[in-house]
Each structure stands twice: as structure tokens, then as C-alpha cells.
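The next part holds the structures, each set out as C-alpha cells.
Below, chain A partners chain B and then partners chain C, in two separate complexes.
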Partner chain A sequence: MFSDVIFIIFWLVIVVFAALAVFLQKPIYNAFSMAISIFSVAGMYIFLGYEFLAALQVLVYVGAISVAIIFVIMLSPPVTVKPKKLNPFKVLIGIVTALTFFGLFFILFYQKYAGSKFGNVVNANINEVGTVLATKYAVPFEIISVILLVAILGAIVLAKKED
Partner chain B sequence: MEFASLLNTFLGRVILSVAGVMIVFTFNALIAVWLERKISGHIQLRLGPMEVGPHGLLQSAADGLKLICKEIITPQGVDKKLFGLAPYMVFFPSLLMFVVIPFSDKLQVQDLNIGLLYFFSISCIATIGIFMAGWASNNKYSLMGAVRSIAQSIAYEIPIILSILNIVIITQSLKLSEIVKAQSNIWFIVPQFIPFIIYLISAIAELNRTPFDIPEAESELVAGFHTEYSGMRFAVFFMAEYTNMFLVSAMATTLFLGGWNGPILPPVVWFFIKTYAIVFIIIWVRWTFPRLRPDQLMNFCWKFLTPLALVNLLVTTFILKIL
Partner chain C sequence: MAGSLFPYLLLSLILISLGLIGILVRRNLIIMLICIELVLNGVSINLLALNKFSVNGSAMGQILAIFIVALAAAETTIALGLIFLIFRHYKEIDAEKLTELKG
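So, the complex of A and B:
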């Protein structure tokens, strides 16, 4: 009962702020709404028992990505974006795409986790994540780090060009 | 209901935890501000506050009362919603961070498995509040202050995390109670002295205090991101700052100074003695060093602290592998 109420609160906050992130008219409001929505997703992770994932969610998505987005918006003057007239064809495409992806993910996850109760789907504690990253997925992990390094170097080269 | 049985129910735990955190928070806000004024006074050959209470002990309470009674002014041209929300966005992560602080072997709100990671991920949220304050104020000094603050806190997060990783590698745990228990024989400040210094320097930078106070450099930016704030809203920023000072010191105590471990005196007393010793050092540094330039600040972080922390991490892992 109590946990159901918390679950619904998180769910509502995620959905409402995700909608606000799209529909509000000041860019900075959109960015802050997105940050709150993402933060609530972290709350949902804790609720489902994935503490480590929740901490990383806050650290990476709220602490880094949202801040980077807000940083960029902050350097722009405070403007209000006027709502454009909706193009019915584009709206239709959007709805169809969203529904297709939702359906695909739903079918995939439903097939895999149909019987299991939420909470203990995967035991994603920090030791196991670390072990798996260092053994089974060592090569992809290293490749990702090299790609990130290349991205950082590329960013520095691009920024240096201006001088 | 008896006290012990109240501790066992969920609601009882929540109520007691909130009450406990509020007591520590209020106590610290009063004491830390008083300490700062007293220590700065004595460093500058003054007496500091003397009038209200014995040796001015009640001065902070009187100032708090004054700030509560003041009119809340919202300047024209600010973004009212974000302007009102920002102080609380800076303040509420500080309260959340109390959750994992181990005051003693029993006094801890929640001993999370990922306590250390939780502490540092929650501390990231405050940057969003600083952004809100800087942008909503619609003032160039506020905006400059916020931008500088973010650049600084993102940069100094890296040496902090790298220095803490040493402790995690040694204890093989992110659980704060286990980290404290691992120090029952020897405090981690002895084998890990360089990370302790790196942590302390970076923590002072994260707190935006002199010598790293470029976000609120009063000679350039008036007061940085909280230039436009007054009355209770300013007080909320102010309290958040002193609460963060306490939290950073408490974390240094937990990680490097053996937490609640200590002879004779009860564990909680040891914890507070060690924490306020670090608070004293932070205040001492503030009143004895001049402010750095922004470029010096960034160079110091990226070209000195981060490589040093990385080398130290390599040495630690190497030694542990050999042993």
C-alpha cells in the first residue's frame, strides 16, 4: 500500500516533468524540468532496489549532462520561444514512432521478465558490475574509454582552432 | 510507546532521523558561524563578537532572528519562480547528504551500501540550484558568479573522487560504516596522507571559500550568484554554505581520521571533535591566504592536483597488488 503510493508519486513526477520539459516555452525551464524528471527516475531505481544505478544516474545525468545543457542555455539571452503552429503530419509521425518503440521495448521486456516480480530482476550490486566489467565485458569497456579519449582530444582540437 | 520500540518502527525512525538531522544542522549553523567570526577576529588581533551571550556565543542566533524578521525583497526583472526556488535547491542536497554520515556506530540515519557514492552524487545537485540563482537574478555579476562556480566545482570534483578511490580500493567497500571499522587500528591519514591533503584542498575549492572564492570574489563580482538575494533567502544560501562545510569535514573525518574511533570518550564526541578540528583548519586557511586568480585556480586543479591524485592512485593499487 505505502510502496504503491510512493511508486505512483515517482511515476507522476517523471511523466509530468518530462511533459513540461517538452511543452514549456522558456528553454531554461525545459532544462530544469528535464533535470527533475531524471532525478525522479533515480528515485524509481532506488525503489526497485538498484541503489548503485540510482547514484550513477544522479551523478552522470543530473550532475553532468543536465548541468552541461543548462550551461549552454545560460549563455544565451533570456528568451521565450513562441509556440509554432503544429504540422499534423509531423505530429502523426511522432506518435507512430513513439508507439512503435514503446511496443518494441514492451514486447522485448515482457518476454524476458514476464514471470519475475519487479525488485530483483538482476542483482546489479556494485561488486558484480565491477567483476563483469573487468572480465566479460573488458574489451567493450576499453573500447568505450578509447572512444571517449578521442572525443575529448577532438573537442580540445576544435576549441583550440578559434585562437 | 517506549523510545527503543519507537526506533524499530519505520515511521519512528523517519521522525527521529529528521529531528536528529535538524538538531545537528541548527547546532552547526550557529556554532560554525560563531567559530568563523571568532577565529577570524583572533587572527586579525580583534576579539570578534563579544556582546550577545558569553563571548558572543548567541550572536549567530541573534543574527538569524534578525534575518527571519527581514522583508523578503524580490527585485524587478528577476524570474520570480526560479528566483524563489533556487535557495532551496541549494539547501536541500545538504540535508539529504546527512543521511549517510556515520556519527557513531549506532547513530546513522541509513547505512547505504553505496554511501560514499550517494554522498558525492547528491552533492552534484547543488550546482543546479546555483545555476538557477545566477540565471534567475538577471544580473551580470550573478551570472558570472554562477558560471565560475560551476566551472570550479566540476573541475575540483575530479581530484576529490580520485583521492577517495584510494580508500575504496583499500577497504573494498563504499559502505561508510565499514570504512570506519577498517580504521580501528590505523587511521587512513597515515598511509594516505597525500590523498587527505588533495581532498582537503579540493573540498575548500568545492565550498567556494578563500583562497578559491572566485565565484563570489567581492572585489570583482559583488557577491557572486547570491548578489540579488536578501533576508531569509540569503540566509538559506548562507546556512547551506556552513552546512556543506560541516558535511565536507564530517566526510574527511569518516574517510581519513577514523570516524568515531577513539579511546575513553563516547564515539559521537570523538566524531564531533575530529569534524570541528577540520572545520577549524578550513576557517584558518580562509583567513590566512589571499585569493587565487581564475587561471591559477584552473591550472592548479588540472595540471597539479589531478595528475598527483592519479599517480597516487596508481601507487596505491600497485602496492596493494604486491602485498
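So, the complex of A and C:
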């Protein structure tokens, strides 16, 4: 019962702050709302029983990605933009597309999974994850590390001031 | 509530749809990047919930989620570098105004 209340609070915080992150007007507020929403997603991982991924989420998403976005917003010089008129036709198309996607998958999930409960599942612990990651999925793991390296170098080359 | 599957799927669906609306409607490049992060988080929740529900004790969902986190970090790095470059060059990060590549 108590854990249900906590679950609903986390669920609502994620949804409300995700909506704020999309619809607020100033980018710095959007970035902070996204940070709060993503921080609560780590709570969802705890509810599912994936503690390592929750820690990873807090470290990488909240600690690195959000901070990088906020950093870039704060580094850019201030510009005074007047709120622009959005093209209402494009807004309509965007909202209809997203709602169609939502409706279709909602019907699918509702028909297939409404009322499904998790059984007595023992999640793979971090030991197994590490073993599989270093043996069966060693090649994708190495490719990901090369991608990260290339991303770092690419960001430096892109942001370098040309003389 | 926390023991049933459907709330997690609904949450991931809401996050993906909100991100989709943001990518399609908002024209600020940084906000579009934020929306991409929301979509990736929704995908992670979906993967992990269905992994727990259907594949008993498999490590596959966690490995995919780790890959998603790493790719999101790489993508954010590149995107922020590009946004910074565009801002310095055009003094503008409105996606509607960046028409030079449109032909």
C-alpha cells in the first residue's frame, strides 16, 4: 500500500515534469524539468529492481547529460527573442501524429497486457550482466566505446574556434 | 500497482509521445535535444519492464539499457557541439531559420 503511494508519486512527477520540459518557454527551465523527470525515472528502475541501472541513470543522465545541456545554455550569450508565432498547421500535424502513435500503442498494450502482473522474477544480478557483457556482447561493447571516443573528439573539433 | 506491468508501459508511452510532440512542434534546437532524451528514457523503461515481465532472469534488457545510456551520452555530446557551432555562426538556434542545407 505504502509502496503504491510512492509509486504513484514518482509516476506523476515523471509525467508532469516531462510535460513541463516539452512545453515551457525558456530553455533553462526545460533543462531543469528534464533533469527532475529523468531523476525520477531512476526511481522507476528501483521499483523494477534494477539498482545498478538506477545508479547509472543518476550518474550519466543527471550528472553528465543534464549538466552538459545546462552548461551550454549558460555559456551561450543572452539573446532577447520575442515569443514567435508557431505555424498552427504544423502544430496540429505534430500533435495529431503523436496522439495517433499514443492511441495505437495504448490499444495494443491494453489488449495484451492490462492486468498482467510480474511473477516471482529474480533479475539478473550485476555479476551476470558483467559476464555477458564481457563475453557474448564484447564486440558491441567495444564498438560503443569507440563511438564514445569519436564523439568526444568530434565535439572538440566542432567547438574549436577557428583562427 | 508497482507489481503490475501496465503502469510502466503507459509511462513509457507517455514519455515517448511527449518527446515526439516536442520534436515535431518546438523549433528550438536545445529543446528538441531535451525531447530526444525523453524519448530515449521512455524506450529504456519499456525495455526493462518487458524484460522483467517476459524473459525470466535474462540480462539482455539491462545490457540494452546500458547501450542506450552510452549512445545517448555520445549523441548529446555531438549535438551540443553542433548547436554551439550553429549558435556562434548564425546567432540563432531556431530550426526554421537554418535553411542553408535545404536546397
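By definition in this document, the second predicted complex is superposed on the first by the 111 of 163 C-alpha atoms of A that agree within 3 Å, B and C clash if a C-alpha of one lies under 4 Å from a C-alpha of the other, contacts with A are read in each partner's own complex, and residues count from 1 in each chain.
Here, contacts are C-beta pairs under 8 Å (C-beta built on N, C-alpha and C of every residue); 3 or more make two chains touch, one makes a residue touch a chain.
Quick caveat: nothing in here was measured; it's all calculated off a predicted structure.
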item: Touched partner set for A:A155, first chain B, second chain C, both or neither; value: second
item: Contacts of A:F32 with chain B and chain C, given as first, second, both or neither; value: first
item: Which superposed partner A:V62 touches (first chain B, second chain C, both, neither); value: first
item: Partner chain in contact with A:M74 - chain B first, chain C second, else both or neither; value: first
item: Contacts of A:E51 with chain B and chain C, given as first, second, both or neither; value: first
item: Chain A residues touched - chain C or chain B, whichever exceeds; value: C
item: Chain B and chain C contact sites that coincide on chain A, given as residue numbers; value: 52, 56, 64, 75
item: Chain A to chain C touching residues, read off their complex; value: 3-4, 7-8, 11, 14-15, 18-19, 21-23, 27, 30-31, 34, 37-38, 41, 44-45, 47-50, 52-53, 56-57, 60-61, 64-65, 68-69, 72-73, 75-76, 79, 84, 86, 90-91, 93-95, 97-99, 101-102, 105-106, 109-110, 113-119, 121-124, 128-129, 132-133, 137, 140, 144, 147-148, 150-152, 154-156, 158-159
item: Residues of chain A touching chain B in the complex; value: 28-29, 32, 35, 39, 51-52, 55-56, 58-59, 62-64, 66-67, 70-71, 74-75, 78, 125-126
item: Chain B residues touching chain A - in the complex, by the definition given at the top; value: 79, 82, 112-114, 117-118, 120-122, 124-125, 127-128, 131-132, 134-135, 138, 143, 146-147, 150, 154, 174
item: Chain C - residues contacting chain A, complex; value: 1-11, 13-22, 24-28, 30-31, 33-35, 37-38, 41, 44-45, 48-49, 52-53, 56-60, 62-63, 65-67, 69-78, 80-85, 87, 91, 94
